[in-house]
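Before anything else, here is the set of structures, which you'll find just below.
Heads up, the next two complexes both have chain A, just with different partners, chain B and then chain C.
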Partner chain A sequence: MTAGTATFLEPAKRRGTGNVAVALLLPIALVNAVGFIWPILNLAGLSIREALPGGGIGENFTAANWSGLLGDGFYIDLIVNSLVVSLTITLLTLLVSYPIALYLHRATGAWKSFLTVLVISPLLTSAVVRTYGWIALLSDTGPVVKAMTALGIPAPRLMFNTTGVVIGLTEILMPYMILALMAGFGRLDPRVEEAASTLGARPFAVFRRVVLPLTAPGIALGCLLCFVLAVSSFITPKLMGGGRVFLLATEIYDQAIVTLNWPLAATLSVLVLVIFGAALVLYSRAMRLLEQG
Partner chain B sequence: MLARLSIAVSILALGAATGAAAETVTITAYSGIFQDHYTKAVVEPFMKKNPDIKVEFYGLPNSAQMLGTLRAQKDSPQIDVAILDISVAKAGADEGLFEKVDESVSANVKDLYPNAFAEGVAGVAVTFDNLVLIYNTDQIKKAPTSWNALWDQNYAGKLVIPAVPDIQGTTLTIIANRLAGGGDYKENVDAGIEKLGELAPGVQTWEPKPDVYTPIANGQAAIGIGWNARAQIYSGTSGGKMAVVLPEEGSGFQINTINLVKNAPAGDAAKKFIDYALSPEAQAAFTAEMFYAPTNSKAQVSGEALQRTAAGQMDKMIDIDWLAVAKIRDSITEKWRRQVIPLSR
Partner chain C sequence: MENHQTSLPMKIVVAVLFLFLLAPVLLVFPISFSGEQILSFPPESWSFRWYAALANNSQMMSAFTTSLGLALVVTVLSLAIGIPAAYAIVRLKVAGSQIWYNLFTAPLLLPTIVLGLAILIIFASTGLLGTFTGLVIGHLVVTLPYALRVLAVSLGNLELACEEAASSLGAKPLTVVRRVTLPMMAPGIVATAVLAFLVSFDEVVITMFLAGPRLTTLPVALFHHVESQADPLVASVSVLLVLLTLAIVLVVDRTLGLTRTFVK
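Let's look at the complex of A and B:
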């Protein structure tokens, strides 16, 4: 075994495995180049092309899409609104998913398997179907509004506005959050919690000083995933926003499919990519801080 | 979008491979009920008349996706004929995707109504549709006769309006501008925008899904606007729950054009199909089938179809110049988003 490792580390051999690694990486690199990098470059190129009225794409290059976007109060509002709504959804998803993930992490045996399947099962149904479910539940004649009216509570509008979008997306993103949290809970050992209690910490102190720091990597991962999914989702905001909620993803859809302004759609898409890049940078910063701490 | 495109390409490639014996004409037009009814009223009779030509119908949900598909195939077209909205057809013609349709393609071109042609559009109109009021018959017992029913406070919260950039919203803007006494819509639509602002607080949704007809047919909403042809069909399938009115003030047309794709692989067979699609016979058949008004003035339209389309009331229609609208569409969209929709929050 040790002899094997020694030959493995010989320079000549190592170069050999390097070639194998390159050969093995080549297919995925090619797929990525053709399926991801090339389209992205195309998109970036499209974002500096001239948009003609009626959906044409001009031959000339222009910065007008970018300056128009960043100099227009409507789009600034739209970007801010997108970020605020996505962050709200991420936070709410975290709040409702964290206890479930913690319970699942502690469960054992068949019970754990059963619960895990239960958590994942919504992913077997498409987001469209689940959104229509929410429409039925939250509509003016739906059970939620009826129950609130019966109890004498004046029901606010729950659908065709931002509230509807937040409710729908929070539920739809929960399985992703729970799975990400569980993946990041590896360091949480029940014996550490027990030790803290034995040493006299009250439950809240155990949670704040032991459980929370140990599960922070999971929280960071779950939040990154849900934020990215929330910013890019457009089916649920389209169906539940009632045309009042302007978000980046729905705007890209409208510009690309309805207005046919592909250059503007491309500009917005590149902007979303920049936001994702920023989220990734924040995530890796947070992870580095957590590892140091 | 890309996935769909590649599916499209492979389906088309398959079609080309298997249809090598007989000539195949591939047409693209709206999927769904348009495809069903167009196939029955026009495509099948055409194939019966021309047994050596096979027509493949490649349905797409909207004109924009048709344009996208045609753009992607510009260097080696797989589609021969495209039926799409006039303003999108103009964009396609500007990009050199289409061949001119004139009397050398079809002798029927000379019999079309004058508004079937537009400067810079390579194709010609193949269907006329118009905006209508639609309402739920359980919630509204007496049929409304005027567009003003949309402003009726009794229906506040029960109103569904497909907002701009959907062209139903654009058409409503032009109608509202006329109701409010605004002048030429090409100059400005401010009066119409202001009037729409009064309607905004009562709107339940600006983006009815899957379409505007469903919430009205199932009672989630009471009144709204839609396109006549689809409204007539869905009114029939709703079992009387949804009814359609062409208001007394008239309405505006939506125009679908038929376009010959440049370097179309089917060649003369494609021209033959366009000729048939514009013939009085095919025009009358499709009007009877789906209540689009014919574009051929020689089409013999029966009594019921005359009642249920704008064909009998051409004089009441507002002449909307969609190519002029294309130029002001962005500013109309901006006004809706800044001055109309925010009032409904």
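Let's look at the complex of A and C:
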């Protein structure tokens, strides 16, 4: 992000005519203050306020939300479950996206543009629509269960459980993973692979010793992106989980809208942000290790 | 390149994975022509009944009108707020422009579930909940970072020479902006408008927190419909949505080139 911004900020021109610049920035600053800074600071503050029965918020500062959260078996399970499900989704997304990204990286011309549009097009389709498509595919009256039954295979329950959520989210996050992988594939030159195989390396050895190390930065970026998106995803778990899959994002919504316990919802939100921060730290550690070789 | 062909098994794997990626969107098309009462595939009979049902569903139709109006207002405001901001940051180089830029694009880094909750709590006490104004502000929080990003890049890529020539020939600063800078930014402005429109039209999570029982958008109405019942109605809406998006993207592609607009 910062690398991209540096380029257009560089050609320094005349020093700002102060008042004009302030006037030009005022509208965006106003939206940012009302819709972002104030709400987020307020949210962080709420996580240390007590929740009163009936949806009220107490005046006193308290650590009760946090100690309650971390001392409650239900919430510990919820957090662990969220992390495990998100990690599973990330790994599966990587697995199904990597071949496509590699193929796209090697494709050329109009064929490459066409396939790239195919990869991006789901991003322009609402998550609700895509989740609905998955419900149609995986429900008991859908083609997957029907085909399995016709073949005499006892079909497992694919909907309204974690399996459905994992399948749906994996597909929904694929475009992000593919784009991130492709962005990180710059160093992969087909000539290096050819050199390795000319020198006698078997295809799998070429992949493990040449392709994989060169594409590691893209893998790290894609995994960071997908993990973060999976932890905070709400639409797909809510619709495909059928109220039986409890994850952090769905619990935030339920606490905020159904139970009206805003301090608890705020605490869970701050927890999601902490997980984001931890993922970022892990990512930069991984990148530093990769650079050192 | 010639001797680096992708092997046949690899090609099959890629084809299957592409099918997996596109399956849910593709499946929606045949389902929308289902003649069944409930969601099933393949349907046992075909009909246009769910398109007729959609036309008669006043709730969906009014949600669509709200979404369209909201997306248009948000698009216009994103440009009206984003263009001056990009100009101040890139051209006028205000003190700390990098900090301002990072602050104004920061909402993109936060999950919408957290942003939605945070805005809900503030709006509940200011009476903006369930109002059109509230939805506009909520959507601007997510469209403005995209707008600022695209506009700043587009402005930064412009040659300064034309603007300098205009002002050295005696044009006033405002005239230079109006007659030189803005016309040269046209592709960036169109891209921003399309992006802001699509992001606003598709926004679900923040809207779900801010919408009221009497004011809801199409994606939120769809969400609640899918949540409560499984029938092919959503499929017919989805087909129309996909076609609308496709039409917008094709128009942009014809005028600007899709890859140039969305993939840098």
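Everything below uses one rule, namely that the second predicted complex is superposed on the first by the 254 of 293 C-alpha atoms of A that agree within 3 Å, B and C clash if a C-alpha of one lies under 4 Å from a C-alpha of the other, contacts with A are read in each partner's own complex, and residues count from 1 in each chain.
Rule of thumb we're sticking to: a contact is a pair of C-beta atoms (placed from the backbone, for glycine too) under 8 Å apart; a residue touches a chain by one contact, two chains touch by 3 or more.
Quick caveat, the model's predicted, so the values are computed rather than measured.
Of the two partner chains placed by superposition, only chain B is touched by A:Val258; chain C is not.
When the two complexes are overlaid on their common chain A, residue A:Phe74 makes contact with chain B while staying clear of chain C. With both structures placed on the common chain, the touch criterion links A:Arg244 to chain B but leaves chain C unconnected.
In the superposition on chain A, contact of A:Ala150 is made with neither chain B nor chain C. Of the two partner chains placed by superposition, only chain C is touched by A:Pro190; chain B is not.
Contacts of A:Asn161 after superposition: chain B is touched, whereas chain C is not reached. In the superposition on chain A, A:Leu118 contacts chain C only, with no contact to chain B. More chain A residues lie in contact with C than with the other chain of the pair chain B and chain C. Once the two complexes are overlaid on the shared chain, A:Glu171 sits against chain C while remaining clear of chain B. In the superposition on chain A, contact is made by A:Leu52 with chain B only, not with chain C. For the contact definition in use here, the residues of chain A common to its chain B contact set and its chain C contact set are 39, 139, 141, 238-239, 256-257. Within the complex formed with chain B, the residues of chain A that make contact are 39, 52-57, 74, 139-141, 160-161, 238-239, 241-244, 246, 254, 256-260. Interface residues of chain C facing chain A in the complex, by the touch rule stated above, are 1, 3-4, 6, 10-11, 13-14, 17-18, 20-28, 31, 38-42, 80-82, 84-85, 87-95, 97-98, 100-107, 110-115, 117-122, 137-138, 140-141, 144, 148, 152-153, 155-157, 160, 198, 202, 204-205, 208-209, 219, 222-223, 226-227, 230, 234-235, 238, 241-242, 245, 249, 258-259, 262-263.
The touching residues of chain B, when paired with chain A in their complex, are 1-2, 62, 64-65, 67, 87-88, 90-91, 94-95, 157, 163, 165-166, 204-207, 209, 219-220, 323, 326-327, 329-330, 333-334, 337-338, 341, 344-345.
By the touch rule above, chain A contacts chain C in their complex via residues 1, 4-5, 7-9, 11-18, 20-25, 27-29, 31-32, 34-36, 38-40, 42-43, 46, 96-97, 99-100, 103, 106, 108, 113, 115-122, 124-137, 139, 141-143, 146, 168, 171, 174-175, 179, 190, 193-194, 228, 231-232, 234-235, 238-239, 249, 252-253, 256-257, 262, 265-266, 269, 272-273, 276.
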